[in-house]
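Please go over the structures that come below.
Two complexes follow with subunit A in common, the first pairing it with subunit B and the second with subunit C.
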Partner chain A sequence: MTWRRLGALETLACVLLALWPQTVRSPYLTSVAITTLMYVALAFSFDLVVGRVGLLSFAHAGFFGTGAYISALAAGHLGWTFPLRLAAAMLGAVVVAIVIGIPSFRLSYHSFAISTLAFGVMAQLVATNWIAVTRGPLCLPGVPPVDLRLGTWRWEARSLPDYYYLALGMAILAYLLVRRLTQTRIGRTWVAIREDEHLASAAGVPILKYKMLAFTSGAAVAGAVGAYYASYASVVCPSELAFAYTVNLIVILFLGGRGTLAGPPIGAIVFTALPEFLRIAEAWRLVIYGLLIILGAIYLPDGIVAWATRQMRQVRRTA
Partner chain B sequence: MEEPLLRLDGLTKRFGGVLALRDVSFRVHAGEIVGLIGPNGSGKTTLFNCITGFLSPDPPSDVMIFGRRVVGMSPDQIARLGMVRTFQEVRVFKQLSVMDNLLMAVQQHQEDTIGKRFLNTPRVQAFEAKGKDRARELLEMVGLQAHATTPAGLLSYGQRKLLTFIFALMPDPRLVLLDEPAAAVNPVLIDTLKAHIVQLNRLGTTFLLVEHNMDVVMDICQRIVVLDHGEKIAEGVPEAIQKNERVLDAYFGI
Partner chain C sequence: MPRCSPEPDDSMVILEQLANGLSLGALYALVAAGLAMIFGVLEIVNFAHGEFLMIASYLFFSLYAMAGLAYPLAAIATVVLMALFGALFEMLVIRPVVHRSWQTQLVATLGASVLLINAAILLFGTFPKRAPTPLAAQLLVMGTVSVSYQRILLLVVTLGAFFVLHLFVHGTKLGKAMRAVSQNREACVAVGIDAQRVAIITFALGSALVGLGAGLNAPLGNITPTMGILLTIKAFAVVIMGGFGRVNGAIVSAFILGVAEAFIVQYFSSAYVDAFSFLVMLGVLLLRPQGLFGRRVGI
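Our next item is the complex of A and B:
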């Protein structure tokens, strides 16, 4: 029963989202929606490590940036089409995740966070200073749009709605991937690792392998979003790897609800849409926003989803 | 002679300047219930951790399980050989249901891969169904069948203790290492646990248990190994251990 209801909710959400660009007919609101959808996909993949395995990582923006740069370079130097760039970006992000994951996962909770933070900072430093490859702060401009070729048939994303639908497809795929991973034995194993690593290994769980699975699947999705972003923005800059983006993702997850399927989209919508609505009070916008986040941290420590679930249970009990 | 299930030779473990275990050797044969006793701090849990891969013993220690050398193997590799341990402190996956806890206990002992798990193949589903049957059987055995869907964190202490016991039994292991199964358990429950251990032993499970409760050890163990200050000071049948001068000395002092 609950499953069927959830299915209906998913379908409804998809229909509403599919109609968005036609309904609002505003380039501005469509681009806000694209940003939100990118954050949704990133938050879903980020949650695999933060919410499911239960480790705080600061590497996610680094994976996104790795994907964006690989895609831009592959387009500029090799003239690769989008599907190839996408594959390269995902593969590159996975390789980077393996290289930093294997040593970092041997560390404790806090050391893991610091180690991934170091990677995030280094990634931005490399992008800024490796002028020969990345052009540094001059950025890599002229990334071609998303294109698909099949024989003589060719399609290119030209308009904002085109990019909107691509972002929507990406967010849905990320959702389906995460749902699949978390609702099988794999997800249960991650929860077990989060709850008690010693007990899990005594039960025969190869801890590092499962942590790496979460880390690399998350990185693959982030790399894919990076490849998309490179084409959408048509330029890739070192600022795309900024620490601030990882912090945004952390806020989204903690605000929405870690380790849940509804948390990432809710967090992303609140996080990206709210500041836009607050533009009514332009001067006070960021102040109000900051205040709301502080209030959220105080009153909704496990996120909106956990709070809403509690409220619903209470209503049902009193009814 | 038949290869022992567990063979320890010259087990030594040093923490900095402290010698936690010194040259401990003994065997556990198939079908036995062996007790490991000793005063607090005598190295019993350290010994458990060295056998199960949570600590690596110092050379030239040698640990053989089912005829395989396990020194240097990780805890999960050793567990998958078919030797399961419990912990002194009661550990459960608090946010998982009792049933999911038990399914976690067995899934790594079933042949499947991450890829198959992702696809949730019929084979994986069959394993899952088999695990559920086994879990229901064990829940019934200890009287927890009404709690299958309860999150393990909501169980009482005694119920959790029972859960950890059947958690260890889930994969039908050949050798079970129990770390203080009767600690902080009420007398009625102790008798139940004792009965279960004896019953399972008759059906072919071998046990090595660390225990402080002398009644439990003397009642059910066929052989006892005594540690004191990291050294084995005695080994023998319960009657002999009870009269052994060194053991009495270690426990009561003079």
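Our next item is the complex of A and C:
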């Protein structure tokens, strides 16, 4: 893919996003934007498994947490610089994905979901109880910031906008990766598996290999976001692996629009920004959030993107 | 560490843990049976089922500890109100998504779980509540074995409830309709069985079982808004072990899991006991995907 083929919409979005910290000048809004961008990257990588291959996994937050812990431990014990930590986090997440994937891919639908859910919960139990390594609920504090070194040149992310641009770069990279993967033979094979696994298998597609490819590439991205998060938050806690994160990702994908390129960013913006806006009604915030998820599932079962496309077509037809 | 009491007899420890495990299994069974029933009849995975127990426990807390009702009355009222809650849940949350893909159904029940947890935080706060009954503090002592009467009550009433459930499902017309719908929904609609009514009743029944679990188990421990999350997942583990949608299999698996957990806590580690439940479930899934007692089904 060449840069020329990037559409006008994408360029516009990038320019607007690049100006965000300068325009809003509010640390609060910038940190909300960072969280949103992290969710965008995570949702894109999660969509490889959920939207493209059509398997519902609950282990994605586990990959994120694995990356965060590996990065924090590599910094604390080995003093590695960020690029090394990033590579270790991605590799670690991929290894965990293979370990989870080998048994889980033998199962289908509900069983796959529950099996990955069990792994996700076990990851949090290990993070909470393996005190010798993770310090348990005391967390791993003092993770150094994102730093790059080249000879004597050295750069360190110090301010909130620095982290914002890193998150933006990460989200764009995740977007490009997913776009690249889905527009090639690999992506078409994934869709073939999603639409009819038996038919794809009969046509000679090595199902397991392609499922594993989606699972591990999703895990690698999630691990990378985890490594970034460890430096951004400078502390890693077992709660980073909580079930709630996976729920958020599922909601973002299903109500944004799974298997589309617009769904993950739109879902991430709506469902990260929404709870923040609902802070007006602080106590009721998450109750309303839950209610909106139910209403979304009832009225937008294919997600916001599919709904908007339908509306636009209708408007065009009547015009 | 110096021991104050004499070294307890090994067989006595085993008996005590067996009793604890069976009462824990009874709670799991009451939650898992409803989950299996709902999956069997509606083919819906209710991710808010553990939250039903949490809501029921707070309901019991309100009726017993706050309103001061007598214990049997409070427990029965919890069961009845939960049956209504289940019917309402089916009508408001499940029915609109019943014809959608299973992923959409799952998102809807996940949303319900988020809503219920946060509604409980809003109403009762995050600080644990307790509703101990006099029975919970009284111990049945036999030699060196001591078991709280509340646990015995939990076990006995649960077994009684399952016996009644068995009679209902196999003896009444409604129960037969439930089994018929779980076997073939389309054929039932064709012969004039009101599948929608069966769905409501299944939810009401499943929730009533959870209400019973709350009424019997809430006096034994803490009530917190997040108590249902792990329970949902464990109930799934049990339902999978029993063979998806098979109520009797789920009940037996629940007791096996409860007893196994009690012994793990006693002899191995209390920190990793939950991880162990999931390992067992994964093992069953891999070696016998149809469950311990199940026939092979396409799920």
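The working rule: the second predicted complex is superposed on the first by the 310 of 319 C-alpha atoms of A that agree within 3 Å, B and C clash if a C-alpha of one lies under 4 Å from a C-alpha of the other, contacts with A are read in each partner's own complex, and residues count from 1 in each chain.
In this section, a contact is a pair of C-beta atoms (placed from the backbone, for glycine too) under 8 Å apart; a residue touches a chain by one contact, two chains touch by 3 or more.
All figures in this text were calculated on a predicted structure; none of them were measured in a lab.
With both structures placed on the common chain, the touch criterion links A:A8 to neither subunit B nor subunit C.
Looking at the superposed arrangement, the partner reaching more residues of subunit A, out of subunit B and subunit C, is C.
By the touch criterion defined above, A:L213 lies against subunit B but remains apart from subunit C after alignment on the C-alpha atoms of chain A. Look at A:M122: by the touch rule set out above, it reaches subunit C but stays clear of subunit B. Within the superposed three-chain model, A:R188 lies in touch with subunit B and out of touch with subunit C [touch as defined at top].
By the touch criterion defined above, A:G204 lies against subunit B but remains apart from subunit C after alignment on the C-alpha atoms of chain A.
In the superposition on chain A, A:G290 makes contact with subunit C only, while subunit B stays out of contact range. With both structures placed on the common chain, the touch criterion links A:R180 to subunit B but leaves subunit C unconnected. Taken together, the subunit B residues at the contact with subunit A in this complex read 52, 54, 74-77, 79-80, 84-85, 87, 91-96, 100, 103-105, 107-109, 112, 114, 117-118, 120, 124, 128, 167, 171.
The part of subunit C that touches subunit A in the complex is made up of residues 45, 93, 96-97, 100-108, 110-119, 121-122, 229-230, 233, 236-237, 240, 244, 271-272, 274-275, 278-279, 281-282, 285-286, 289, 299.
Looking at the complex, you find that subunit A touches subunit B at residues 180-181, 184-186, 188-189, 191-192, 195-196, 198-207, 209, 213. Those residues of subunit A that touch subunit C in the shared complex are 56, 103, 106-111, 113-115, 117-119, 121-122, 125-126, 128-129, 243, 247, 250-251, 254-255, 283-287, 289-294, 296-298, 301.
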